[in-house]
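Pasting the structures in now, so scroll down.
In the two assemblies presented below, subunit A is common to both, partnered first by subunit B and then by subunit C.
Entry: the complex of A and B
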């Protein structure tokens, strides 16, 4: 019965940390100290650049932009395009990646094209997309989908292709249908790689949305950034600048929370991997 | 013990194989893994398969499980029906439990794997519980398999197969990676399960003692490609006991014989090469 005892000991569940306990408070404090230093440098005239505003000036810019409603509109636009584009890209990447990972025939036919196309930085397609779709939000969306689909597709493909042959045998001996095999074994087994793809895809979605707004579509954070830069309004420009970063952090956190809530098994497995 | 008639009707056979052979293609041309084999397995019996490594034990089991196709001229019947893909109610238990359990599913959900489309809600729960009960793991159902010891993980795999109410269990060295004490307790559990379910069990092992202890018959494979060296009838009383059974003169005699045939297989392998 010593085995049972050992299991009891091994089983002591890891304490579930609350979200605020996971937060890196010391790291946040460092940021705060740096901001105060920045403000002091500016006020004491230690360092002075004509176009770098102090933190307080940026806060003033933010208040202005919020009162005008420009900031809210810009954030809403960029976030919407990035998230919708990313969601469509995820669907495309998952479906194509799974098919290419499971079917040798499809893989041999498509491998070369995939390798060539994905080696282009997605941003090179922005001018082309402007030619095809004009200075519009649909251009922005197409660019976002194109860019975000690659990491999802490539990671799904990798994950599906590297499933252990043992699991393939399990699916067969239990008579799982193709669809059940994909849902219950293939995708969960590839999940850790797929999640990496989802996160890379989300980052790219945001980057490409901004690039499209800077180059072609007169809406959103990227457009606000260029407009304020050309109007020589550094304080207002920095507001857009910081909003981009905050938006990126929030979108990533939401994705992580969704994974955490919907896929408890995958999360437990990932945490086990991190510990050992 | 039920009397075994000399002539068994086809309907009483879990498997019947006539000139079963397997070839795989390699870089240096086709390679034969199993020479034509003729044997059959009766319903409800435990057949142990022993043999030297490379004799095709696993290949043979995978043929019976429908995972490897035999040569076209082979006749392999599962419950009277030619095998094309995994036969119904024939389930494999793999040696490598860690890679055949689904680590992202709890034990309960692992056991439910084959039942989920057929049963739902309470019915599913009851069936999973019953299977876990057979291997004494009902209390562990909500944990992840990788939190358990090797022996317990192998039990989960057995429960997952038992939940399907299998007619046949094909077990590929299921206890090969376990320590001696865990191994003997799992052997007894398997015998208990066999008694309760009446499933046919084909059991590969490289442990001669285990083969005799569990089996109604022991089939020794040897050589490359694998041939049947000998089939031993094990007439030891059931229920078997780790101490009593293993002290019986008949057990010792059978173990002796089984060892001899493995040694002979080894010798044959050397002369073949």
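Entry: the complex of A and C
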């Protein structure tokens, strides 16, 4: 698909189809059938695992947790930490990535350090952060920021570095100031790569928030998961698990919508960038 | 990846041009300077008995202690063993599922919501469930890691199958190829780059999940050592293990990247 065509497709609203035609009915039906099969297996005793609750038991657990208010509090905590941490990480990654991408000297003298540090598995920083910050939300936040900053930084760097020389010449011909150059040329040209970084960063932010809660911070969905696991309450545990998945989907969808609204046309290019 | 030339492998780029392009992407070693200078300053101005930031030489002492105590190498072996098994299983299962799901428009649409849910679910949430269902075993460690690392491989293979040019299968029909032959000569080459890309994305995820499981459950491994040193407030050992796991991960990802470039060396640079 050529780029112009991709942009064209992205800008054309899919209004020609009715809403019910755009909905993935096959998928919805399959999911429903799978859930019903799961419920039947459990009720007829065909397959019975001690610790796998049936869908109806999970619904019961959800009602319980909602009435206690534990689920709302946990979702709010995890979502807040993940989003705030991700936002701070994005800011750091954007600034450092742009600087490293624009200056060949800075890149030469720092890129290898970045390569080494970013390939350290961020999960290993959780015990260290527990040691330094204790079992607290600041520990969780620090870990989330650290983990989510790398993909934003690396993708911004790549995006800025690979801007076509023609665009650089345009900036030079018009004697653009550094600031104007970054705002009007560099960032828009690198946007599709940056968006990939933002998405990866958001996913990592959630993974690390969960991990930090499971290991150390006594709050949020991750803590709920471990508590119910140790209390041998599988139904309530699966409620937390499903909430984690739904939270992931919602946060990703919001990011996609924001990108869609602010940068129409980039979305299609970002899709291509993610694949290649 | 969408261009058909990527499958046939015939390109207009000369070998020298490709090599030059690769050299342009090589990161100069000079860039390690900030890291080295930072560690050196830490070593010079830090103290041995700092509760939180002991200087680097104490890390080495602690790691050597662990190695002498006979816990370091078995732990490293255990972590690498379960990582390798998980990645191999994830590659085979993810590749096959990806081909099946991507080959049929109907199966693709039918399973899409389920796949999207599991893809969006942070892998770390899977760990408590695995512990409850399977207990503190190697099977649990490998299964959870496989479940976490399989998504990038599955989804990237599925995407490659979606873009798969049906004409290629018509060619197979014309030549009256047997199914094993079709899979070997047409389908596998068409998805191999996608599978390799999936492995490269999945490998870091597998490392994260393996270490997390070890931290949580205390099953023999680098993560368990890390958790132990944290619980003993041994910050020097924590730093040392962190660096060691980092170096192992670096080598591991490098190896995966090398395998990928080895298998895709006949393709044009992306």
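In this section, the second predicted complex is superposed on the first by the 240 of 276 C-alpha atoms of A that agree within 3 Å, B and C clash if a C-alpha of one lies under 4 Å from a C-alpha of the other, contacts with A are read in each partner's own complex, and residues count from 1 in each chain.
Simple rule for what comes next: a residue touches a chain if its C-beta (ideal position, glycine included) is under 8 Å from a C-beta of that chain, and two chains touch if they have at least 3 such contacts.
Computed from a predicted model, the values in this text were never measured in an experiment.
When both complexes are overlaid on chain A, the residue A:175 reaches subunit B alone and has no touch with subunit C. In the superposition on chain A, A:162 makes contact with neither subunit B nor subunit C.
Set side by side, subunit B and subunit C differ in how many residues of subunit A they touch, and the one touching more is C. By the document's definition of touching, of the two partners only subunit C reaches A:215; subunit B does not. In the superposition on chain A, contact of A:184 is made with subunit B only, not with subunit C. Of the two partner chains placed around the shared chain by superposition, subunit C is the only one that A:112 touches, whereas subunit B remains out of contact.
Look at A:43: by the touch rule set out above, it reaches neither subunit B nor subunit C.
By the touch criterion defined above, A:125 lies against subunit C but remains apart from subunit B after alignment on the C-alpha atoms of chain A.
In the superposition on chain A, the residues of subunit A touched by subunit B in one structure and by subunit C in the other are 272. Those residues of subunit C whose C-beta lies close enough to touch subunit A in the complex are 1-2, 27-35, 52, 106, 109-114, 116-118, 120-129, 131-133, 156, 159, 204, 207-208, 211-212, 215-216, 223, 226-227, 229-230, 233, 235, 238-239, 241-243, 245-246, 249-250, 253, 270.
Residues 1, 24, 26-31, 34, 49, 51-52, 107-117, 119-128, 130-132, 203, 206-211, 214-215, 221-222, 225-226, 228-229, 232, 234, 237-238, 240-241, 244-245, 248-249, 252, 272, 275-276 of subunit A touch subunit C in their complex. Of all residues in subunit A, those touching subunit B in their complex are 3, 6-7, 10-11, 164, 166-167, 169-170, 172-177, 180, 184-185, 188-189, 191, 263, 265-266, 268-269, 272.
Considering their complex, residues 65-67, 85-86, 88, 90-92, 94, 96, 99-100, 102-106, 109, 113-114, 116-117, 140, 143-144, 146-149, 151-152, 164, 182 of subunit B touch subunit A.
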